[in-house]
Each structure stands twice: as structure tokens, then as C-alpha cells.
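Scrolling down, you'll hit the structures one after another.
First chain A sits with chain B, and in the next complex the same chain sits with chain C.
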Partner chain A sequence: MSNLQETTEQILTLAAQHFKVPRERLSPDDDFFKKLGINSLQTLDLLTRLENHFQVELPDYELQGVSDFRTLAERIQARL
Partner chain B sequence: MKEFYGKTLSWTTTEGVIEVALHREPGNEIGSETLLELERLGVLLASLDETTHALIIYSTLPAGFCAGADLRELYERMQALSPERRLDGVRDFLERIHRVMNAIDAAPITTIAAVHGVTFGGGFELALTCDIIIADKMARFCFPELRLGLIPGFGGIPRLKRDLGNAVVRDLLLTGRSFNAAKAQSVGLVSQVTGEGEALNVARSTAAQLAKFDRETATVAKRFIKHIPEAELRHEIETFCELFVRPEVEAGLKKFVESTDALPYLP
Partner chain C sequence: MLDLSRYSCLGAALRDALERWPKEICLIEADRDRENCRLTYRQFKEAALPLARWLQDSEFHPGGRAAITMTNQSKWLISAYAIFYCGGVLVPIDYKLTPAEQLQLLAHSKAEVLIVEYHLWKAIAQSSEFGTLRTKTVLVTEAPANAEVYGAHRWEDSKGKGEAEFFARERHDPACIVYSSGTGGRPKGCVLTHENYLEQCMALTSLYPFWPGVRYLSILPTNHAIDFMVGFIGPFTCGATVVHLRSLRPEYIREAFTKYKITYMSLVPMVLKNLERGLRQRFSELPAGKRRVLNGLIRINRTMTRGRPRVGLSRALLRDVHNAFGGELRALFTGGAFTEPATLQFFYDLGIPVANGYGCTEAGTAITLNDFKPFRADTVGKPLPGMELKIIGPDAEGIGEVAVRSKTVMSHYLDDPEMTAEVLVDGWLMTGDLGRIDPAGHLQLFGRKKNMIVTEEGKNIYPEDIENVFEGIAVKEFCVFAANYLWPRRTMTGEQLVIVVHPEQDHTIDEELRAEIGARNRRLLNYKRISGIVPWERDFPRTAALKIKRNVLAEEIRQTIDSSAVIPL
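And now, the complex of A and B:
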């Protein structure tokens, strides 16, 4: 089982790869909407990719108000 | 009519398989134009020749299969009508869309929904009319209607109840959350999950398999295992209409229409 740091790292790598942003430009406390330049439709796409990658289920309402990678990682970690 | 090219959807028939492509930007929202063209599909299904054995519905749009009812059109029409006339208009739309959905549901051929991306609300309900749902692993299913003060109105809950346990149905309906293809397969909603961009190819190979069987036998088998929940579908229309006249609906639709978000009904 991954720890929070590993989970965060995997999220950052996956987001960088999919949204074609250099990995080194992303950090855990970044606002992923702003940093990745994504709208809610693309956020849904990211959510599905994360669920598939970590094999977890993340109800949308658990992500309400979540905008940074670190908190996102915490939500996923809670489901691993 | 072996081929049809409409504004919102088109179909071709090849080797006994009707392929219906949804192509109304931005998200295949189902409004009056789509309804008219779906009604033409209903006419086709009522007059199939013996060589046709399957139907595939899919979307050509990257956003997904279908984002549901055209809420902007619904809101604009509401604003143009008195409260009494609004309800008549909505009831008429529901009666017509139910007739089409029932026609697809009970079609004498095997029907396949090949879905990807956003499969929400009325889009989810359209997929549920099909005998088999094949989902791209990036597909997402949701009934967001409660956020608008409504329940799904195109037959979704009775059809979902037909296929799934009530606990899952309540979770989807009452929380308004979305779930992905893997979850949908685990609860028995989706029969096959494919790689990204592969749902239509898998649907085509499934349709080719269906051609090996006698169509009449397949039709009888389908009727044996798949009933149309007619009483619940009627009840759904009445419940939707009861809710529709409440002020919460107009407020919810106004919020939706005024939002600039790509998916304003999500949290």
C-alpha cells in the first residue's frame, strides 16, 4: 500500500503525463484547475483516470471544494 | 430507410447492423430536434426487414455518449410559456420520448450501447434501453437530476431497477454521484469494459457474433428475459410532472443555464 507521499507523486506524474505539463512544474499544493488549465469536464476525466489507476472509487461529492493535489491524494489515500 | 443523416444523429445499416451515431455538439443533449430524429429511428424499428439483426448506438463526440436532456432548451421554453402551458409541454415531451425509449427497449433485434465519457441523465437512460452496454474504461454514469429538483424523466429509474439491486439505484439517484465503467461492470450494469476508444469496435464484433443466430430465436429470448416496466414508467412521468411545477425546478434550471461551467450539474 502506498503512503501519502507516494500517492501524491503518482497523481502528479499521471496529471503531468495526461495533460502534457512538465512534471517539474507541478507541486503538491498547486491548484490543479489553474495549473493544469482544466475545466470540470476534464476534471471528471482526471477523476476517472485516478480511480482506474488506484483502483478506488471516489464519489464526486468527496472532491467538492478540493482543488490541490495534496488534498486529492489524501482523499484517495483514505480509500486505499 | 437504411441510411439517415440528421442534425443530431445519423444511421447506416451494414450487414444487418444499424449503427446510430449521435453527433450533436457539445454533448449530444436531447432536445426537440434529437427527439424528432429519435422518433424517425422508432419508425425504422417498427418496420425492420428480416436481414437486420442488431443495432449499435454510439457517440462521435469526444466529450462522451450523451450529457442528457437539453436543459437550456427546456429553460428557454419554460420562460416563453405560462405555468399551465409549461406542464403540458413537458408532459408531451415525456410521452414522446418514452414512446421512443420503449420502442428501442422492445426492438425485435439485439441493441447495444457503446458508451464513452459522459453518460449522464437522459444519455444514461438512452443507454439503459439497450440490451447490452459496452463501456470504454473512461465512461462515467450519473443521474444528476436531483440537483435540478427533479427525478430522471426518460425511464431511467424503472430500467435501472430492472437491471440492478435497489441499493445501487438509491445510491445513484439520491446522491447524484457519478461512477465509472469498472464500478458499473461490478454492479452488473455494463457487460464489457474496453480500452480507451475501443467501445465501438467491441460493439461491432459483438454485433457480428449476434448474426450467427436465428433472429426469431434471439427475439423470443429477449422477450423472455427483458420485460418493459410499463406501470413504473407511467408512474415516473406522473412523478416528474408533479415535481416539475415546483419553484425549485425553475431555480435549478436557471442556475444551470447561467453557469459557464462545462458540467454545471456536477458539484
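And now, the complex of A and C:
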């Protein structure tokens, strides 16, 4: 099982691939809405991709109030 | 459908609906590709009445207030019916609010009962403000076995023994208290009566009828005014079926269309835009020849439906597109925020009419709606039956504040006669929106007179509601405004909030202050965030009670600087 740091790293890599931005532009505390210029529906696309990668089911509400990669990683880590 | 003019309250209308169509399916709840439950009207009644009895056994009396905080699911509707059956007043609360905001609205509404999903309840119970909760009875749904429920009762076990007693209400009694804003400042609890809802339902279904066999796809939470009406009261009083989908992900929405052969669906402009994006992408991936054929068929459909929608013809012409939507879709409903005319036109040309409307919580659900006689992409439609519209103080182009008078307009703001008097003037509701009625009777909107924004997700954000997050920043004074209020633009897109900052003497807006404001900003939900800082050097005008005179300050700013002064965050 990954630790939180590894989970965060994997999320950053997947987000960079999914939204086609250089990985080095993203860091754990980034506000992903602002950094990636995406809306809440587009974050659900990312959630689907993360589910497939981590093999967990993440209800839509897990993203409620989350806007940075680190907190997202904590939510996913809790379900691994 | 039931003749709603004969009814005095929602509870009585719903009770008769459950008796009239016992074998029809009223509710299907789907979670992704799984079906959680499927209930007939009889089974719905059998689920709701023991809960009503349990509430009555718990001293919940007619006129008592009960709040619901849940995502989009069947227990919302079952609970709401149980509350109405008891003669209670329903307080729908947006589950996306923070625990502190939810607690604030529970306190303001004086709700005696709260019905809430487990994960939301857990967040409330673990919040630092939990001690402020005065709601005496809490029912929690879907709590895992052996989970800590923080003093709540389990919804699934809350079944009273014996028959529940039905309590009818009068038409002018409150049915719901719906909060249009005020989570950070002065709560705006719109008191909507049974008459408001019954009249609204009659007006909407006169244009867009439901009947047994119609399947409405619900992806908006039922606390949303549109879904409460079009995804609950409307279909139930017509014997139709509501399909709840507990996910907003495009892949499951697409699947639900085909799996359940959906007839109608409501969606906010952001989701509509997403559907458009997906379809355009799929069209662009077609081989060149197929794309040419498709474009030709779309052109033919556009010509043939210029005067009115012709669903059968469109389905025959554009079979693959319609099959992707289940083949039985008649219309989509949208509202709550600005929808781009090009998006509306895109769907209409495919033979999928999108009924674009305009409304506000204070006026029930919808005030105007497109009736497709003929389709217009550039307006929000004509007034619904029973709605009177007028434009206050029109300028040379006929644009002024939109005022509405109808039986759907709220009774008042809860416990706030002063604010009520500001918006209800001589029987007319002053909407604060700027519009014009064109020669064909269609309403066109041109921005706002009021200091607020509406996001693309359909969320109304009032500056006063987010100011508390900036309390204590190292400045002399500050105030949040809608940028469109400071510098009016005749548009309802791209609306943003800005913070006006008056620094301490001999200080400037330096990097440290910007970082602090940025950090505070991130504590807000993403759609509530400010986008920039307006530097301001003069003292804010204030009342004798030291409240900021916002309109005076806005005028001073408008006269002194323009929007290029905004420092982006």
C-alpha cells in the first residue's frame, strides 16, 4: 500500500497527464481549480481516473470542499 | 394529473397521488450503474407513513419545522412526504454548505428535526460549532453498522407503530423555508406557502405535462428549487417516475439516459455545456463522410423545426444522436444561471429542445420559460401562466429592474420584515435583475442591479456571506463586492467577486497582505472565492451604527476608478 506522500505524487502525475500540463508545474498544495483552470465537473473526470488507478470507489461527495491535491490524497489514502 | 386547484396543501395532493397510481413506479434510485431501489407509489407510501408516525411519536407537531440535508436520493423525497403528512414545514438545506453554514441555517430556521446523510452528519458532529446545535431530533440515513451516530437516530429504524395521522394545512400556511443566501451574514429564509407550490406546479405542467410512464432524470439535489418542483411535486402529482442518479459523472448520466429511457431532465448550464462538449467531441471523431452526412441532417432538422419542435421527425432524422439519449427524450430544462444561446441552439438543432427559464427562490421556481412557439435562444422565454411581469424604471432601451407579481411569490423572509419590505413592494417582487420585455413578450436579461453573482453551477453568492473569512486581515477596513455591481456590464457571464481594501495609514497592498488574502480566500469553497483586490485610499462611508454604506461606497468607487484597478489574486 502507498503512503500519503506516494499517493500524492501519483495524483499529481495523473492530474498532469489528464489535463495535459507539465508535471513540474503542480505541487501538493496547489488549488487545482485555479492551477488547472477547471470546474467541479472536470474534477469528477479526474476522480474517475484516480479510481481506476487506485482501484477504489470514491463517491462524488468525497470532493466536497476539497480544492488542493494534498487533501484529495488524504481522502483517497483513507480508502486504500 | 391531479387538479391541483382543488387542493389546499402539498401533503393532501401527494397523499391522493399515492392512492391514485399505486402500481406505477414513482422512484428509482441509481448509484453509478447499480440500482439501489425501485418503488411504486404504494411502496413509497409504505416507506413514508411509518416515518411520519415515528415523527409524531417524537412530538413533531403540525407547523413544526424539519430540515433535510442530503444528496440526490430517494430518502429525501420519502422524508419530505412524511414531514408534509405531519403538517410540518420543510427546510431544505444545501448539502454542499460547510457544517458551520448548515448549523447556522438550522439555528435560524429553528428546525426541530434534522434528517441527514451519515457522512454529512459526521462532518457536522465533528465540527467545532457542533455545540450550537439546538435541533432536538436528528435522523441519520445510511449510517454503517456499529458506527458512532453522535446522538442521532437511525432513519432506517425510525418506524412508528400504528397509523400516522394526516394533518392538512391551509393554502397560505408555510410549506417550506428555503434559504436563498445568508450563510455568512443575514440569512434570507424565503417562506414559501402551499399555494406558491401548487400554483407553480400547475403553471409548469401546463407547458410541460407529465403523465404515468414519463421518466424524469434527477441529478440535481432536491433542495434545488428546480428539482423540488420538476423532480418531485410535478411528476408525483401526475403519476410519473423520478429516476435519481447519485453521481454527476458524465459516463453514468449517459448510461442512465439509455437504461431508463428518460423523458425529461433538469440541469444547470454547466452540466449542459459539458454534455455539449462531449457531443461535439464525438462528432469531431466521426470519419469525414459520416460527419458530412450528420451535418446535412442537422441542417435539415433545423429547417424543419424552425416553427416548432417536431420530436418524431428529429428522432427519425438523427436516430443515433437520439438513441444515445435513450430515444424518448422530449426536453431538457435549464435555469438558475446564464446559458449561452449557442448551447441552446446546438441542442435545438439536434431535435433536443432545452427549455431555458428564469426564476428566483423568492418567486417559487420559474417566472419565465421558453415555450418553443417558436424556439428562441436569445431570451429566457415568456412569463408562465399566472405570472405578471413589469420593468421598473426602463431606460431608453427599455431595460430596467424586473418585477413579478403572482401567486407563486413567497410570503416573506423569515423573521426579517425589513428585508421583506425591500423586495415585496405593493404586491410586486423586485427581483434585482435587469431586463427588457421584447415585442414578442419574451424576457431578455441584461445583468443585475443587486450586489451578488450567480456562478455557472447556478449558485447565488452574496458578498456579505463570505466577508467573515477575511475578518482580522491587517487592513483598516475592507468590503466585498460583485465586480459587476461596481462596474456594471450588461452581461450575466463571467461574474466575479472582488475585495475592496483600505490599507492602514502608510501601508500599501504588499506581497504579504496579498498572500494573507489569498490564504483566507482558499478557505472558501471554490465557487465562492474572490478573484481580485481593489485598492482604496479613502475611509468607507458608514451609517450612525457604523455599518458600511455599500451602495454609497460602490458609487464612490465607480466614479473614481475602473476595473483595471483590480489586482488579480
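Going forward, the second predicted complex is superposed on the first by the 80 of 80 C-alpha atoms of A that agree within 3 Å, B and C clash if a C-alpha of one lies under 4 Å from a C-alpha of the other, contacts with A are read in each partner's own complex, and residues count from 1 in each chain.
In the analysis below, a residue touches a chain if its C-beta (ideal position, glycine included) is under 8 Å from a C-beta of that chain, and two chains touch if they have at least 3 such contacts.
Since this is a predicted model, take the numbers as computed values, not measurements.
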With both complexes overlaid on chain A, does A:T48 touch chain B (first), chain C (second), both or neither? both
Quick check on the superposed pair: does A:S40 touch chain B, chain C, both, or neither? Answer first, second, both or neither. both
Contacts for A:S67 in the overlay, against chain B (first) and chain C (second): which applies, first, second, both or neither? second
In the superposed arrangement, does A:Q17 touch chain B (first), chain C (second), both or neither? neither
Chain B versus chain C as contact partner of A:D31, first or second or both or neither: second
Intersected contact list for chain A, partners chain B and chain C 39-41, 44-45, 48, 59-61, 64
Quick one: in the complex, what on chain A touches chain C? 31, 33, 39-41, 44-45, 47-48, 59-61, 64-65, 67-68
Residues of chain C defined as touching chain A within the complex: 71, 95-96, 98, 119, 246-251, 270-271, 274, 456-457, 522, 525-527
Which part of chain B faces chain A closely enough to touch in the complex? 63, 117-118, 137-138, 140, 142, 175-180, 182-183, 261-264, 266-267
Taking the complex as given, what residues does chain A use to touch chain B? 39-42, 44-45, 48-49, 51-52, 55, 57, 59-61, 63-64
